[in-house]
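Each in structure tokens, the structures are laid out below.
Shared chain: subunit A. Partners: subunit B in the first complex, subunit C in the second.
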Partner chain A sequence: MLALLAQEVDFVRPAIDWHAVAPELTLLAFGALVTVMDIVWLERGRRLTSSVASIALLVTMIPIVTLALDGEDRVMFGGAFVVDNYALVMKAMFLVAGYVVVLLSTNYVAEGDYWESEYYGLLLSSILGMVLMASARDLITVFVALELLSIPAYMLATWRKRDLKSNEAGLKYYLMGVFASAIMLYGMSLLYGGAGSTLLADINEAVSVDGSPSAIVVVGVIFVIIGFAFKVSAFPFHTWAPDTYEGAPTPVTAFLSVASKAAGFVALLNLLFVGFFGRDDVYEPLIWILAAASMTVGNLVALRQTNLVRMLAYSGVAQAGYMLAPLAVASDVGDAALTATVTYLLVYAAMNLGAFAIVLAVARKTRSAEIDSFKGLFGYAPGLTIAMSVFLFSLAGIPPLGGWWAKFRVMEAVIEAESASGVVLGVFVAVNSVIALYYYARIGLGMWAEDAPNGDTTPIRVPASLVSALAITAALTIAFGVYPPLVSEFDVTLLAGGLGG
Partner chain B sequence: MDSWILTAVTFVPLLGAVIAMAMPNDDELHKRWALAVSLVAFGLGIAMLFDFNYDQAGQLQWVVDEPWIDVIGAGYTLGVDGMSLPLIALTVLVMPLVFLYSWSHIPSPGNTKSFLILMLILETGMIGTFVAQDLILFFVFFEVVLLPMFFMIAVWGGDDRRYASLKFFLYTLFGSALMLLGFLALFFLAKDPVTGEFLRTFDMRELTDTAGAGIARSSQLLIFGGMFIGFGVKVPMFPFHTWLPDAHTQAPTQGSVILAAVLLKLGTYGFIRISIPMLPEAAEAWAPVIGLLAVIGIIYGALGCLAQTDMKRLIAFSSVAHMGFVMLGISTLTDFGINAAIFGMVAHGLITGMLFFIAGSVKDRYHTLEIGRLGGMLIQAPRLGWILGFTSMASLGLPGLAGFWGEFPAILSAYQPANGLPVETFRGYMVVAAVGTVLAAGYLLWLLQRTAMGEPPEEFANDPEIVDVTPLEWVSWTPFLLLIVLFGVAPGLIFEVTDPAVVESLNNCLQFENGCDGVADATTAALGG
Partner chain C sequence: MSDFLRSYLTVGIFGLIGVALVGVFLGLGKILRPNKPTLAKTEAYESGVEPTGDMWSQANIRYYVFALLFVMFDVEAVFIFPWATRLEAYGTFGLIEMAIFIFILLLGLLYAWRKGVLKWA
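Moving on, here comes the complex of A and B:
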């Protein structure tokens, strides 16, 4: 039978560079292991799953490091899967962010009596999708990676299944996510129809003919970008974010706001810099509007929030605006825009995960994420207060904390374009930084200068895993700011796959 | 002495702060530690004063040039010349005195450890701003100052501290965000005047040497405008000054003293170190505007003082007026005017810092700064009253005291501004500024009359808390008082140090056009003037 099949189908197995796919395979193997452990050991396996998940993420770092030391760009499947510096940097970021999320989850999931094995299994598979996304240079690979990272995330968002808010969070996220996927898929089908290939490099060749683009190309590009605008929660496609963030378990919220957003950006970067690079007349105005509107609306709405998680959701919308800004001048500055967005993503991951770690730590005592519940924190938890101040003022972009360097790179890129639109966008960033400072600093004021509500000053007991998460994120946030080369030394040009490789 | 000294003097306070964080929570220990650390910085400052090559005061000394952020060509570049030396000396002198004052004056709600650590971080930020010779490094130090000051006002301030601290933070951040855009534009546009290639550098020495060559005039004006807002907020210049009275009034005494003595100078220093030497052509165009805002500040600040009922708020408004004189001197773009401005910065730092110390001590004794409720200080606490009188005289510019040499030459310099500037306009400014000195005499003498003279009011007549100057206050105040007299009698001590550096900064553009004056002539000709 097998012999018959082999004769009938003339299938040539594409050459597989095992080293290049080692990170994905490692994650896959560990994800399967977590599931099997659950089936075989049942209750006995529960206690081990979080350790296995964190080991999985650390072990996966090994092939990333060896690939980086090797330094060779690897291209597979006719250019659909590429391992270059940029992909490695993003993969490493996803793994570290995932590791911090596991640290955040350990006590939360165990104490909440939720299903642990499934939780970590889904988390690993979502991270696998992200790691894959960093290498995807093909519409189908991009789409598969996107669904691989999204579908587990829908389930994670509704993990507190006896809680109505969590159900709302998951359902909203799911419906909006599927809607966005549908739009994007429609756009992709148009692009495929025009180019006759799903490889981004081929699409670039097909769409970037001189002269005005055809209507199909315009609609295709716009639909695909809008699909990812949902993912990165850019205005006006952000409406799911506040409700989902508020209702989802806090570690999952941290995961969505950092890793999932970053994955959306990675996909967007792949598409813009490889697929649509020649069609800047279509995507640049769109991105410009998305960027300016996201930062302004996100910040203005954040001013009015009374819940810290909702505020971080809106601040995340604004931060997405900053990250989009360099892409609006991508054709003028090229790699500088890519570097700026990547730098922002890395710094943002450290500081935003840190902020959520504090929310988790404080909520252990106050059982609330209301901004008022942070008042007087300095009186009974000075360490947490100092760490939270570091994260908040880093998000605001105050030197010498990491955020300044991220904002600086964004401003540098838009000014480098030496065009009126770039300078105006730069002024948008500058003015928005001031608006944003107001709500970040107000929380700082509450923590430092006001009295605790109800005079409750019992200290907070912070479990070891949270302490390590805080130590990692705070150290990175400060180090990125004091010595920026840490986050900017590597050269992150995007390899065009079939074309450039 | 080698170049390590600049790194040392900048980072010793920060190192001290980091070590202090790890030390046990013992108030006395922390007071001693902070004082010791600031004394080490002071010692290094004194060593710098002795080692400085005064014959070469126009040149940067102890230059450090190490790579820092290679990707954008920003370096860890430090250096000191005659322009920054007096300001560094002022900073390292003021800080130990402030720590000494903190021995018995930790404002509510206590928490000595954090309070002192914040001040140490602040010191690093301030010294770093004065020694940085790279725009990005300058920017980082300039901003490092914000957070500690914000927390000092927010946590240890008066009743309205939340409002005041946020206002301070938002205003200055707005300014510095636009300033950063200006720095970036300069980075991308500045060209080598000889080869015409883009420089792509943040090195302040190189940017000063090119003096804006090859940048279109319209871009120069915009860049200068961005920096103008950034530095102008910090100075503060009218109309960006409204954060200052609130911040000063609400800040704890130590915060007010540091704010007045050093922090405001970061703005004026930015003008003379960055804006003017790097963009002389734009400076010419902006100078009349700066001069106008400066004299408005002088008159507005003085009128504001006359309307105040709170002693600390009055001193804060007098800062607006005094910094107006400094900015008037700078706006003339002459050697004379800028020298006067630097002197004015040092003098204002000593005098107004001293006034805030007195205000703090008055508040400790009377528990109010309401001028209408005070009185008869000369009877109840004669030495305190006399010190207030002496400092007020210095502040209003009495010849023989330091304040005079900041104010008088600044006014005089407006008589003959740099070539190409509208002479009549500046002479008009001169007259208005002169009126400002009369108003200054008015509000300061009125303050003195209402608080120090007359009979003590009934409510305080037998108050045992109202004691004369304590030994601790003597120790922390005497250096201020001595220096006010010293610089009043021998102004050359500062002028001789600053002059070569100022001449150097104004002459840098000589190499390429026909000098600043030539640029100005060309500009006037182009405008049909």
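Moving on, here comes the complex of A and C:
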């Protein structure tokens, strides 16, 4: 070791493909710009920050589009940073989801006087972490991206700092998040110790030896997966989610339940398909249990919820189970599992953000997220009721909405595996879809058929930014279902850095 | 037993010896020394000054912000020292990289300054 350190190594400037890192650099520059605006103008710059944040996200789409048109796979830093179709699709998803979150936040944060410059600055840096995660093919890059996206999110969860519930939300999220990071880091250190490299491609080579795996590899793989199971709130690592979702400001909840969860899945996909792919005898049983338990427990507990945000939290646990299901048969179906999970992520982002947009819109009048407060919504807000029904039935997986296609892809993948475990998992998905329909439909029934509490039927005034958020999410939810090629055109394959370069 | 576990055995024995050593010394002292407590002896020792007040005293919350700023620049120093030793090898590229790094950290300091965090009053 000492001899290694003493060795004078000539420094070679790493080749940087500026086009490939343009999305990250753009976001970084805009994040710094928001801070500079705050430093220079203080209070006077605050009104502009939400516009700057939305412009930042739209401008960042430009290099993504040019990279997609270019179509060339780019590998940098010895394979630690990869730009391929899969990475571009996920980056675009994070940016669009981030844009919708900015739309959801605009009025909420401005009216609550919630430190706007800091809010959007942190939001941009969290999105930067997610965008980076999509390209990360190296343990250190994965970890840096994870912390970059998590640490701002911990703070955003406590954003209503004079509200005890918001403090509870942030603290729980922070403690559980740090705990998960610690477990994951321990797993990563074991994997690095075994492989002698942090590159996922090298780790795959080291762990994918024939015969039974060594104890260190088993523990390493399991710990790393468990670390991300916290992030995607899979059972039994979901305990923080309901409290955090309920206490955090609703736009932040939308951000956590969609973008942050998707980032966890992106990291899992990178790890499973590049890092551990040959070690399916270790990760497949684990993922199978996580998937089956998440959907069952999430759905059963969601049945009993009286608060819509908590219900969406448990439904999110169940949805995480559906998304994990194809990964439990990844070695049999290969890229079909990847496509199924990515499709589900895209559809889930649209429909779940939409549902939270409705919660925000209705809460502007009722100041409550209780399910009872949605009763009789059709009487005074027919537009919102129709949109909410679209999102709920899409979440339940009713054709012709997006959620149906996503579930179909998941079922297709697990059945295609032609193994007993795949078929049993398919049965789990089917039974759970029926359970889930009950609690989604119950809200729909209340909205359409029952009377408003207290007979209060003054109409809701929905601000323009919320209307555009609803328009974007509803259009995507319907479009994904009516014209599935829109999502399944991205038949993505994951490029292993260093291997396929 | 494999070599791997054997090396951990050394760690275990080392730990046990450590615990035993401390136990033996403290235990011997306890047995040998006379025990005559007086009021002055049982008081907390504060550099010879007579102790006053409650031992639970509140620290000003502002120390926390200063501590945070300190950590920020402490971490910066950790990165700058190894960089400085190889600056010639890194050349202009390294200089620009470090300038960007320091700029981003500096934004944090400027932010704290503009928000009035650096004023004690």
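We take it that the second predicted complex is superposed on the first by the 491 of 501 C-alpha atoms of A that agree within 3 Å, B and C clash if a C-alpha of one lies under 4 Å from a C-alpha of the other, contacts with A are read in each partner's own complex, and residues count from 1 in each chain.
FYI, a residue touches a chain if its C-beta (ideal position, glycine included) is under 8 Å from a C-beta of that chain, and two chains touch if they have at least 3 such contacts.
For clarity, every value in this text was computed on a predicted model and none was experimentally measured.
By the touch criterion defined above, A:R13 reaches subunit C but does not reach subunit B. In the superposed model, A:V431 makes contact with subunit B only, not with subunit C. Of the two partner chains, subunit B is the only one that A:P400 touches; subunit C does not reach it.
Of the two partner chains, neither subunit B nor subunit C is touched by A:A420. After overlaying the two complexes on the shared chain, residue contacts for A:E412 are found with subunit B alone; subunit C is out of touch. When the shared chain is aligned, subunit B comes close enough to touch A:W448, but subunit C does not. Between subunit B and subunit C, the partner in contact with more residues of subunit A is B. The touching residues of subunit C, counted against subunit A in their complex, run 86, 89-91, 93-94, 103-104, 107, 110-111, 114. The touching residues of subunit B, counted against subunit A in their complex, run 68-72, 114, 136, 139-140, 143-144, 146-147, 150-151, 154-155, 161-162, 165-166, 169-170, 173-174, 177-178, 180-181, 184-185, 187-189.
By the touch rule above, subunit A contacts subunit B in their complex via residues 339, 378, 382, 389, 393, 396, 398-400, 404, 408, 411-412, 415-416, 418, 423, 426-427, 429-431, 433-434, 437-438, 441-442, 444-445, 448-449, 483-485, 488-489. Interface of subunit A with subunit C (complex): residues 10-11, 13, 32, 35-36, 38-39, 42.
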